[in-house]
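What follows is subunit A paired twice: with subunit B in the first complex and subunit C in the second.
And now, the complex of A and B:
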């Protein structure tokens, strides 16, 4: 059967760019090596062009393994824009430090190839390959500072947890294959609907697969690797892990949960709902006592994963549940897009402040408003948005989740919604504590002047403006997310 | 032939692998335990494909197993590099020594 090359064009472009970057790194010497960054940016822009071109199309290739529809295109655009932003905040960080630039950009692009594959994957095999394409370069990137004990510790912890979770997930997938006789997600759903659904062994296997993705999105109780890995890795890598790698985990979880295991939603939805409650509450409570900004952002990203898991708790099976499930998927997608904007921005400011000095205790941010009003304002906007204050996009992201709850009100949905609201209040405490340090406290003497560089400043400003503009006009995203539907039946 | 035998073998191997990952202190042995877990999955897939779905022309179970073998090789390559790097930094491959960061 012929392959539809137009459908996989973004992936092809990224692959070619990754190889070109690797070759350019070999050919260039000394300071010229930093030219690989604009090369990677250029490739990403072309990939974005091809993805936009696919908008409105419905394409299927590689049998039924690879599907391009509105849902996949929106997800791919989120990933590719995140890649652009991460390239922007990486440039100076890697050009100034004694890092392996060519290798870093190659690994970054490779990891993103896996991510753009993920929302299109409609087969267990492709999901697994995409997940590993995301993870394996990320293990190396976490340990990129080879002489740094923290970096190698981050890599080791990330690696062991990563392979353990993949092994659990694969065992679950093999059992699901044994029950259904197919690895196609739609086929699995049909086989489960036709067969004897509540076999305990099948339910256990479904849980194993979901737990595997739970590690990837750092849901409690599978979150403990995340803060250590984020704190130890180079900071742009931490930004990539906290945003893009987590979004890839959610893309896989959506495909698994809402397409393949949709007939079993009555079993996994309450489990994921309880995990969501635990994740946001514990993430927020531990974030309260962090003194290091990166660890605070790490625990806040655990809590954010909890908010994004809430819509999974609402899922229902059966043909009358399409409205609920669609609303749930759209809420997750919108939240991910908003979360990418604000979290990459926050990491970008942290890179601008810490790149030279390595200081990143929250106390070191005292008086940032005097040292660099722009960065202080940007960090304030991002933190308020992560908390969900108007007029930022964070407010609408939380609103989208609460809106998904109201589609079909249940007691469990109300419990989930009240936990979202309570946790938003807790989260404001630590976000506002940082904001207070930025604006009210005096800076220490003798701190160096900040030189964020043009690229990083541009990315931070664009993301800050984006946070506010999307807060005023959330329709810029929701117009696209609201017509997406991932469901096999829809 | 019933798939029960291969399934029991695979489950046993998988549990040995989990025990190894949790209980072993030597990072290289942790990697070997992960290999055990992945190969347990391969046994499962090949056995199901052969015994339960022999008429499946796409042999998706066995193809899946091939992919797992390939990815596992890449994973262990990266894992050994990480462990080797840790050994160069600390002269130890004991995973309990990796405790700079807590909470």
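And now, the complex of A and C:
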């Protein structure tokens, strides 16, 4: 069986880079160890090059297990650009902290190998292996600040909940395999369509799989780990968990829900819709109470996961529902891309402020506009974008979700849409509170000067410009996401 | 009921009893040993079901490696072994959730198999694929997940070393420990919360021997 090596080139490049990073770390000593960062960046750029090269291609290899199409390429680009940004905000943080740098970058790259595989996987087994490759390095990365008890707590909570969710998911997957006799996602859809769809056991297994992914995207009521883990991890790792790891969960959930379990959409769509409502509302209400910026971002990211789950609530089965499902998948994809840009940026600013002092309550950001106007402006843009204010990309992300609702208006869709709007208003309250602190309040005396470093500043500026430019010209993303309709192959 | 069924039920009961003892036992070492018994029992179930390859893998991987790893882990970390180690306030809740899940899932399974909602379940003689076929499948069709798994295992290995290693030279001068100061905490000793070092450092940072 010939293997299409071009199709898996981004994964191969990342793997080779990860191994080179590991070897380089062994050879380098002392301060030179930080040079593994540019090495990893270089490998990521090559992987991006190969991914762009795959644009417009339709490739299938390893049977039908691995598919490269427009949908997969867009997702891969989101992941790889996120990796680039995370590498940028990691450099100084890890070089100054003198963590295990080589090991960190190796684990980071390995985690991203799993992510890049995820949107291409069309097989339960590969999907599961990819998800584990995302998670297991992340468990370790969350605990890298070994002398900080918060970090150990973060790693332990993340590990135990992660393992529990995987156990549930795997149990569900094994039942699905037992029922359909195949692990191929399209094959599962066919078997479900051919067979008796409302077997309680099958529905229970589908729910188990979906619950497993619910943990990954930190949807309520499976969100308990997220704030503690984000708050305790090293901050670049928190950015990676909040953005890339969550996006990987969504990539898997899209493949599972819209390809394999598409015939059962009438069952899982209302469940995910209700979860979306709970996730948005609870995340935002708890975020209102936060006084620690990272925990605020954590609860806000729980709420954002709720927005992204809304399109899942719209899904329907049958051949006449393709338009609805396509719109739903595109809305999720657009939201994820926008969310990655603004959230990594917000974490980048938090790293710049926090790295030297360890301080991170919102009160410590008072007067940031005087200490560093650029960082204050950037954080303002990111927070406004997370809230969904014009002229930022966040507005269009929310708009895409509401647009997906209008494709085929149902009562449930209207309820979901109104919850999105109500929650956006609630969210503005706490985002604007931080913005007010940044610009209006006086800085405390005796704070050290900020030295974000070139890489971090560059990443923050690029993301800030991106947030605004995409807000003015949202077509730059929608042109790509709108052709990703190939997903509904079933 | 054939003799085959009797053996199956006996092995199943043994496995279930060992599994219950695993979670009820007060002593971690006993729990680990019961876990090994449970895993061996599952190998027995596979054997009765004529899945000899699975039974062998179960023995080698779970009984041979995982269970022994547990015991080594207990010894090396000098984890508290006795009674006091296992206090958890949420025991009732945990029993409720896991018991509820167990009842629901077993009801669903019984419904599917006995209630007949699976359709006509045909009883067929199981003649699993030979080991040669399994080898061909792993290294031809399923080679991608296999290779990704090897990368995953490498990452797990590196990660375990990172977490276990204590080397002051490389990780000696870490970044500042997390300090969360909302400015309205009840005053403790050294109330000026911004004079450096007086903030409550919630770290385990007393291990500084030999660092730079």
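Going forward, the second predicted complex is superposed on the first by the 487 of 490 C-alpha atoms of A that agree within 3 Å, B and C clash if a C-alpha of one lies under 4 Å from a C-alpha of the other, contacts with A are read in each partner's own complex, and residues count from 1 in each chain.
We take it that a contact is a pair of C-beta atoms (placed from the backbone, for glycine too) under 8 Å apart; a residue touches a chain by one contact, two chains touch by 3 or more.
Everything numeric here is computed off the predicted structure, so don't read it as measured data.
Chemist: Applying the document's definition of touch, where does A:93 land relative to subunit B and subunit C: first, second, both, or neither?
Modeler: Touch partner of A:93: subunit C, not subunit B.
Chemist: Quick check for you: in the superposed arrangement, does A:471 touch first (subunit B), second (subunit C), both or neither?
Modeler: neither
Chemist: Figure out whether A:160 sits in contact with subunit B (first) or subunit C (second), or with both, or with neither.
Modeler: first
Chemist: Going by the touch definition up top, name the partner, subunit B or subunit C, that contacts more of subunit A.
Modeler: C
Chemist: On the A-aligned overlay, A:113 touches which partner chain: subunit B = first, subunit C = second, or both, or neither?
Modeler: second
Chemist: Which partner does A:170 reach: the first (subunit B), the second (subunit C), both, or neither?
Modeler: A:170 contacts subunit B only, not subunit C.
Chemist: Contacts for A:136 in the overlay, against subunit B (first) and subunit C (second): which applies, first, second, both or neither?
Modeler: both
Chemist: Which partner chains sit in contact with A:446 here, subunit B, subunit C, both or neither? Use first/second/both/neither.
Modeler: A:446 sits against subunit C, while subunit B stays out of touch.
Chemist: Overlap of the subunit B and subunit C footprints on subunit A, residue-wise?
Modeler: Touching subunit B and subunit C on subunit A: residues 125, 129, 132, 136, 139-140, 143, 146-147, 149-150, 152, 155, 231-232.
Chemist: Within the complex, which stretch of subunit A touches subunit B?
Modeler: 124-125, 128-129, 132, 136, 139-140, 143, 146-147, 149-150, 152-157, 159-160, 163-164, 166-168, 170-171, 173-175, 177-178, 181-183, 227-228, 231-232, 286
Chemist: Considering the complex alone, what residue numbers of subunit B touch subunit A?
Modeler: Residue positions touching the partner: 3, 7, 10, 14, 17-18, 21, 27, 30, 34, 37-38, 40-41, 44-45, 48-49, 52-53, 56, 60-61, 63-64, 67-68, 71, 74-75, 78-79, 81-83, 85-86, 88-90, 95, 98, 100-101, 103.
Chemist: Would you mind writing out the residues of subunit C in touch with subunit A in their complex?
Modeler: 104-105, 108-109, 111-112, 117-119, 140-145, 148-149, 151-152, 154-156, 158-163, 165, 170-183, 194-195, 202-205, 207
Chemist: Which bits of subunit A are touching subunit C when the two form their complex?
Modeler: Listed in rising order, the residues of subunit A that touch subunit C are 1, 3, 8, 15, 18, 22, 62-63, 65-66, 93, 96-100, 103, 106-107, 110-111, 113-114, 117, 123, 125-126, 129-130, 132-133, 136-137, 139-140, 143-152, 155, 179, 195-196, 199-202, 204, 231-232, 234, 291-292, 355-361, 363-364, 444-447.
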